[in-house]
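Both of the next two complexes hold subunit A, though its partner changes from subunit B to subunit C.
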Partner chain A sequence: MLFKVAWRNIWRNTTRSLVVIASVAAGLLAGMFLIAFFQGFVKQDVNNAVEAQLAHIQIHNPAFGDDKDVNDTITNASAIVEKLRKDVNVKSVSGRAITMGMISSSSTASGVEIHGVNPGDEKNISSISQNVVEGVYFDGKKNEIVIGKKLADKLGVKLHNKIVLTFQSKSGDLTAGSFRIAGIFRSRNSAFDEMTVFTNFDDVAQLLGTGNGIHEIAILLKDGQKVDTLAAGYKSQYPKLLVQTWGEIEPEMGLLTGLMDQMMYIIMGIILLALMFGIINTMLMAVLERQREFGMLMAIGMNKPRVFIMVMLESIMLTCVGIPIGILLTIGIVDYFAKYGINMSAFSKALSQFGVGNYVYPELHSSMFLSVTIMTAITAILSAIYPAYKALQFKPAVAIHQI
Partner chain B sequence: MSNVIEAHNLSKVYNPKTIPVYAINGVDLQIEEGEFTALVGPSGSGKTTLLNLIGGLDSPSGGEVKIAGVDITNMNENKLIDFRLQNIGFVFQAYNLIPVLTASENVEFVMLMQKKPKREREETARKLLQEVGLNDRLNNRPSELSGGQQQRVAVARALASKPRFILADEPTANLDSKSTENLLEIMAKLNKEDKMTFIFSTHDQRVIDKARRVVTLVDGKIISDTKK
Partner chain C sequence: MYFRLAWRNMWRSRRRTLITISSIFFAVIFAILMRVMMVGVFDRMISDTVSMSCGYIQIHHTGYWDNRSIDSTMEESPKLTSLLNNEKQIISWVPRLETFALASSGEQTKGIMLMGIEPAKEDSVSKLSKKIIAGKYLADSDKGIMLAEGLATYLKLKVNDTVILLGQGYEGSMAAGKYPIKGIARLPIPDMNKAMAWLPMKSSRDFSSTGARYTSISIMIQDRDKVDEVKQSIIKQEPGYEVMTWQEMLPELDQTFQAKMGQNVIMSGILYMVIAFGIFGTILMMLNERMHEFGILIAIGMKKGILARVVVMEMILMSVVGTLLGMIGAFPIVLYFRLHPIHMGGSWAQVAAKFNFQPIIQPSMDLHHFIIQGYAVLSIAIVLSLYAIFKIHKIKAIEAINS
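Our next item is the complex of A and B:
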């Protein structure tokens, strides 16, 4: 009957109860939506970086490092590439020749990272081919180059214009080659677009004098979640080579992921704190309003634990109604935006620096539902403690005569 | 007949350290089983305070209260709540029913606190409501009942715990004459047939007329104690 009394009590003031239910639902929705937004944001950031260039795992000669010395190729690279192609966990592999150099147009010059790639392999590993906005992603002709839109604008060049690449060859001499712009791409990362150019592997290798030497093996996995496990396997398989996951290559990106996780909990904490004060306020009002009733209940023999439980039950019941509503609203709204995206074009310039497009697609893992629901339920229970304690402080002789 | 209530040199003082106000001042009172007693006196004479003290709803500043030989004066709050549940029935001026429960559930509620089985609760509630003439109102909530009917439910609720006595604080104050008469008849019948002890605080002459003992309070002191 205590359940019955508590349940009926919460509907004595429908508006007030609906306010609490709406607060719980809104708190849950706000928290989960925010988490979904950030998860989506980070995932897109990571995916874009992985798909554009990083891939899941990269293998280098350990000496290649930051200097990107062209002499530091991977020993026996072709055999490794062939072996990786047969790995069931690997979706695609690409061997790259990489060097730092200067790109010059008739009007200006800029420092770039030059990637010599096999277009056939690279198409399967990088999204750059899909981001070509003018021209094509290599046409099969000699000395073609694909550059970013931002770089093209900076150099003042257009499709089919010629540019000159200058860099240091294997022998240490400066070498240069003239390339025709076959395609212009625009990825979601403007910094990448400005700093990276793509040519045919053979064209660059010829100028570098490295022959079949590969500086970087990029590996795209079938399941990105297995990256750490598989990278550990490759590390033991190729102990003399530097095997790195995308998180190790771009530590700030890994840091961003971890930071976002912590940020989400902090933000959720702030939302739940606000929710807690809302519930305390409403429940306290409900308790103080029924002072005479609590006095009567204690007078006729309702003991304090029962009074406490009854008030707690009222809060818990309100929460139990609010939580499913909040979850359903969250599922509906997150699903909608996961499909159509949240238009963030007002911040497109800032977002492109992060490598995120104009649309953010929120994403929520089922584990988050559970943890956020538990956090909300705990908040509601904690919020009910003070009002319930307050109810215990009433003196029956005084409370009974309260109006 | 044995004493069901014994109050010795009972006092209740408000603001003892500043300007002391004696709500009850050195009261001695014994109530025997089966009495039908009215506490009368002008407003502020201490009727309600005395009822609160002998009902264990308030603690005295001095003296002692014994219920059926048990000293409740220094009993801790939790024990006192349980003691009230098992020994005392209350009827309040403003009915004070649980608004979200039906008449029957209100009566059952006290027995639920006593952990009585469901079937016994339901049967007792039906029987008691029948005794107070509300057998056709079992499933009505307080808001669907008249003042007189609500007070009758309150009497049935007070009886439900099988108390040693019932304390009624101005039970007819909010009732019209017909309801008052009806309620008094029910209480007199319960007193006569079931030997239930009733102690009222009242201003109502009709209640005073029905009472077999009238205790008059003025300024917290008993100035007369008349048995009819």
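Our next item is the complex of A and C:
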């Protein structure tokens, strides 16, 4: 009975109801969009790191570690690479020869990590080839090198200049080679740009004396979500090798994601509080406006608990209508931005100089719907309590005479 | 006349006025809280990082920053000293004599960053004495040296052991010295922890035979936003030096900061949307409630244009009052959190430890955030109240009276 009365009350004054419904829908939209935006932002950070430098999975000789000793190559590497290439879950594979060395121009020198790569393979695994701002990503000539913009500035060198790489060969002697700069890249990570240079695998392997020995196998998967299960599979397949996911190589990335989560909950809290006060005010206005009506109801014998339950029921119903509307709105808006992206460079001058990769694509996971819906519903219903309580304070005799 | 009508209307229904004002009041408080919290987080990251490394502003001999040569030092200048002591924005400043050197324990040798400091003054800027984990902090007249923890571990040295330093001195002279280890400090940034050593200024000058010279002066200032002003004022009063701000010395930190600020614009946008719905709900309810009154006014000959003007005037009055009260009301809340910062745990604390800032959220007390947020909410409220004009023009007197 009360249920029916409450339902009819809602539609008796549509403007009032629509305002509350819209507030709930807006609150839900705000919460969901915020989470989707944060997820997209974090994912973009991770993707940038994965695509530019880490790949999904890396395989090393366990002894290679921090020292990056030239002798610690992966045994049977070529066979492993060929096998991975045929794996259905793997998008691309690249075998790299890696060594620490010194790069010197005529004016100054700097320490770098030298990556000997097969440009054809490397193009499919790392986005660096798309970030070349001057020159090209390998021309097919001998002794070419691709370096970061930051390093080029530090060394005071330009495209096509010659630089010298010095490092320790397999036999322990210092060896040096002269390389011509074929391309200059600029990624989003300037520390990486300063520390990493790329050369042809064969050129560096010849100087190192390692033949076709590979220090690092980088694997890009078709589906990044499966990284943990697939890595576990490779671990049991190659028990003598060190198989690491990007998360294990760079634990900071995981930490940053956690920090973003905490920040998101704080902001979410502020937004829900703002929503709460918005709804309290509207409901309070609605209840006070209906003084006469409540007075009348009480005068003809409706008891206080019933009035309270009626007002609460109305709020719950309004919330129930608002939530699906909010969800539909969210799906529509998030889908739009997931397709076209939010251009962050419009808000930040520093980002605009990067050009590509400044779009954030918000992401919705179905698991988020439930938690945000519950939080919004609780907020909406909590905000109805005070106005409903207020309705109980009316004295029928006075209330009836209100206009 | 309109004003008087509006004013009296406001007081006629205090309850309604109070609700409308409170909706704006809370909106302003939330907008301010969110902004000062976010700004506070970044202020903390920047000030902690900057104070541990280069300071907000550094003064060098022209050209020092690019080649970091010990020859590019500057002489002590009483004129510069008095200028720095008299500039109001400057809280503290420290001279430093930085040079590269080789540190050796006899068996192990490592390239290090040797920093000559005035211990007491330095401590007030970078709180170095709090980082001591063994032995004691340096005193001005000490003959000893202080090493970073990672460096001491690498050299396998303990407090009271002796370390040998070799390096290049002033104008090509040879620098060499033997120093007992007085203390060991643990720095949070791994790269610095592996490579830093400190000598008191006098020993350091003797080591590199520079005489009364130093490589840089680090300056801490009160208000981060004034950093360019202070820089210009130093250049104007004392030309002939290289004056750099933290943005120029740590471009990565500045970039990160700018990128996060872009994210903040989106989050503020979401909050404003929720706020707008809250205020709009209140305005809509208010208009709804007064339909009867408007109907009668129009019926007795009040022009709709004048009525609309009076109503909008009322709303503006209430918005202004709400905004002012909100700005005042936010102050004690912000002050409370300023004095009792929120301590964060979990991955926030881990990231903070990793990147060397305290894991706390301490809101900014900068008044211009209060004013800007107040202004933003006030604008939203005033734009929304224009809806009243539209609504009033649509009124049909007969229907309105009977509503």
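We adopt the following convention: the second predicted complex is superposed on the first by the 268 of 403 C-alpha atoms of A that agree within 3 Å, B and C clash if a C-alpha of one lies under 4 Å from a C-alpha of the other, contacts with A are read in each partner's own complex, and residues count from 1 in each chain.
Here is the rule we use: a contact is a pair of C-beta atoms (placed from the backbone, for glycine too) under 8 Å apart; a residue touches a chain by one contact, two chains touch by 3 or more.
Since this is a predicted model, take the numbers as computed values, not measurements.
In the overlay built on the shared chain, the residue A:L174 is in contact with neither subunit B nor subunit C.
Between subunit B and subunit C, it is C that contacts the larger number of residues in subunit A. In the superposition on chain A, A:V133 makes contact with neither subunit B nor subunit C. Applying the stated contact rule after C-alpha superposition, one finds that A:M296 touches subunit B and leaves subunit C untouched. Using the contact criterion defined above for the overlaid structures, shared-chain residue A:I378 touches neither subunit B nor subunit C, since it reaches no partner. In the overlay built on the shared chain, the residue A:L328 is in contact with neither subunit B nor subunit C.
By the touch criterion stated above, A:A63 is placed in contact with neither subunit B nor subunit C.
Across the superposed pair, subunit B and subunit C touch subunit A at no common residue.
Subunit C meets subunit A in the complex at residues 15-16, 19-20, 22-23, 26-27, 30, 33-34, 37, 41, 251-252, 254-255, 257-259, 261-263, 265-267, 270-271, 273-275, 277-282, 284-286, 288-289, 292, 344, 346-348, 350-351, 354, 361.
Those residues of subunit B that touch subunit A in the complex are listed here as 48, 52, 55, 57-58, 77-78, 81-82, 84-86, 90, 92, 94, 96, 98-101, 105, 108-110, 112-114, 157, 161.
Interface residues of subunit A, counted against subunit B in their complex, comprise 1-2, 4-5, 8-9, 12, 292-293, 296-304, 306, 395-397, 400-401. Listed in rising order, the residues of subunit A touching subunit C in the complex are 13, 15-16, 19-20, 22-23, 26-27, 29-30, 33-34, 37, 41, 190-191, 252, 254-259, 261-263, 266-267, 270-271, 273-275, 277-279, 281-282, 284-286, 288-289, 342, 344-351, 403.
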